[in-house]
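Pasting the structures in now, so scroll down.
Paired with chain B in one complex and with chain C in the other, chain A is shared by the two complexes that follow.
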Partner chain A sequence: MSPNRRVVIVPCSGIGKTFGTVSREAAYTVVEDLRPDTTELVALSLLVLGDEEARAAVAGHPTVTIDGCRLACATKMVQESGLPVARSFTVLDAFRKHRDLKPEGISSLNPEGQKLARVLAEEVAEAVEELGKSET
Partner chain B sequence: MPILPKKKVGIVACSGEEMPEGTVSRVAALKVLEQLRPNDTVTICLPLFLAGGEGDRAFARFYPTVAIDGCEKRCAARATEMYSGKPAASIVVTDVVSGNGLGPIRGSRTLNEAGMQAADLVAQEVAHLVDGLLGRTGREAEEAAVEEATAEVSEDEEAAISLCSCGSGIPVQKVAVNGRVVTLIALPAIFEQFYQSGKRPGDGTTRELLEVTRIYNPIPPEEEAAYAQALAREYEKYCRKHAV
Partner chain C sequence: MTEFLELTVDKFTFRFATDRYYHPEGVWALPEGEGRVRIGLSDFAQQSGGDVAFAEVKPVGTAVAFGDEVASIETMKTDIVVPAPVGGTVVEVNPALEMSPEAINEDPYGEGWLAVIAATDWEADRARLLDAQAYLERVREVAEEEMRKR
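And now, the complex of A and B:
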């Protein structure tokens, strides 16, 4: 995928709850490990506060949000910033599908939480792949 | 005025995932919240704050906040000011890094040693700011730090905190007004105070409730009657529930 067909990943950024940590870890796994050449991480606060550079990074590229909980702050905020969301994921949904992976810890995730982040990241990576194909 | 829970300081971190300094802000905030001043601080979740989380915005309206930003864009400080009130204090990681001559910070996901040092320094600075905001100085602050390391949260305090939807310590209550649900800040505390002072449901009490509720919540003039009706209904429920 060429740089102008990259997919933007926006995690929820929450630091108060475990699910926020899982969303961030999943996002890092996608952009650093699974799809480093085709994805880019953009911070939610920059987008919402109208940072031109962040908005330019998102404009014209499919955006995938990874929310911690059902409040879906990342998805809502990207949409309210006038930008489309191509796919949205939540840690809560991933956990519902993998009840054995109960995440714990905020500063550092327990092994189950890390595994959940990996599973979610793999789902996101697949979506990135599909979005890349649909753009070609 | 209702008695609100123990004064705490809100910590808002920029948490910018795309840069190492954002990670420093996050790690420093968590260090203050979990280790240095766990009983005196609460986190204000920046995304929820931006998305209109009433509890978090309410906290920042009542209590002092410290913004920790990764860079000069100061997203956390700007967002706090935009949606609630000017932060009582603000720290920028890049200033701390250059002020202490730390090496380049690397690793958005896992900080290098310079990044961890920066997080420690920022956390210490925030803890001092928290002490200052809570009116502690010198020995008193040192004693508080020792107490923090050993103290348990009292049952009363836990009960007050559990009233809040976001964990920030401000009690809130959802109420149906004109067919939609609104979150009213401090309402449980207002009801409790009215009830304890012997005020029972009635037109006069409803008028008073409306005035006190207005101190903490914006009530559009055209919706005053609907708010009054909702407050009267909820207060009646409250009194029935608490009647011996």
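And now, the complex of A and C:
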């Protein structure tokens, strides 16, 4: 693990759900594009399984969850793993702010869904920036 | 205190308040006296539709006939046109829905109500609605049909 990757991103694991896809696309955009040097992606399933490396990654750094829907599985699962959540985002909230960006598709998002993922990713990236500053 | 019937189909459990009537399209109607009828989405309708992102109810003063669109609800999955379960005039709209449309998901028979309609002829419209048990049976048919399609 790179010492520079200080903020952990945990997206929704909802399979077969459009908003789950948006959450994961947003997470990939943050980790691979917007904040590649300061973020790390951790799989929710590994946390739930109690994977030691995943738990260590979350335990040692601020964690941002990105949920698809109001069930908020990512946030709840991280918390139920006994780990703190520094910030949580939901695709539903992002959609409420950008009604024109209604996502469709599951394996492949429509253009609106891709834009929504990008907008959400930018919000998450700002939070990462703030958390990075507050950590130092 | 409101009592409920419950129906479980596969992993889903739906509740039906027994103190009100139901339009077959999943809209409940609760008479409150003096011709006022409160309306909202049934638990089955809200669960089928998914998380509500936006709820727009016709404004106070709008006249609606039985079955007319009285509200439109946009969820993560679909757009729902809500038919009026009673004809009359919209006299109250749930103000909380503008900021918290998720109330429809969280408390469909309570805080998530949509509107109050001053009914033109409640008794005539009530005869076209289903009671909780009849609506439950209708939902059972619909839900089981959906399960067979999967």
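What we mean here is this: the second predicted complex is superposed on the first by the 132 of 136 C-alpha atoms of A that agree within 3 Å, B and C clash if a C-alpha of one lies under 4 Å from a C-alpha of the other, contacts with A are read in each partner's own complex, and residues count from 1 in each chain.
The rule we apply is simple: a contact is a pair of C-beta atoms (placed from the backbone, for glycine too) under 8 Å apart; a residue touches a chain by one contact, two chains touch by 3 or more.
Model, not experiment: these values are computed from the prediction.
*Asks:* Clash or fit: how do chain B and chain C relate after the overlay on chain A?
*Replies:* Partners clash after overlay.
*Asks:* Does chain B (first) or chain C (second) touch A:Leu44, or do both, or does neither?
*Replies:* first
*Asks:* So, A:Ser13: does it touch chain B (first), chain C (second), both, or neither?
*Replies:* First partner only.
*Asks:* Any idea whether chain B or chain C touches more of chain A?
*Replies:* Looking at chain A, the partner in contact with more of its residues is B.
*Asks:* Report for A:Ala74: first if it touches chain B alone, second if chain C alone, otherwise both or neither.
*Replies:* first
*Asks:* With both complexes superposed on chain A, which partner does A:Ala27 reach: first (chain B), second (chain C), both or neither?
*Replies:* A:Ala27: touches chain B, not chain C.
*Asks:* Which partner does A:Ala59 contact after superposing on A: first (chain B), second (chain C), both, neither?
*Replies:* neither
*Asks:* Looking at A:Phe95, would you say it contacts chain B, chain C, both, or neither? Reply first, second, both or neither.
*Replies:* Once the two structures are laid over each other on A, A:Phe95 reaches chain C alone.
*Asks:* Can you list the residues on chain A that touch chain C in the complex?
*Replies:* 18-19, 69-70, 91-92, 95-96, 99, 102
*Asks:* Given the complex with chain A, which residues does chain C contribute to the contact?
*Replies:* 50-51, 53-54, 74, 76-77, 102, 105
*Asks:* So in the complex, the part of chain B that touches chain A is made up of which residues?
*Replies:* The contact residues of chain B facing chain A are 13-19, 22, 26-27, 29-31, 34, 43, 45-48, 50-51, 53, 73, 75-76, 78-79, 82, 108-109, 167.
*Asks:* Which chain A residues qualify as touching chain B in the complex?
*Replies:* Residues of chain A touching chain B: 11-17, 20, 24, 27-28, 32, 41-46, 48-49, 51, 71, 73-74, 76-77, 106-107.
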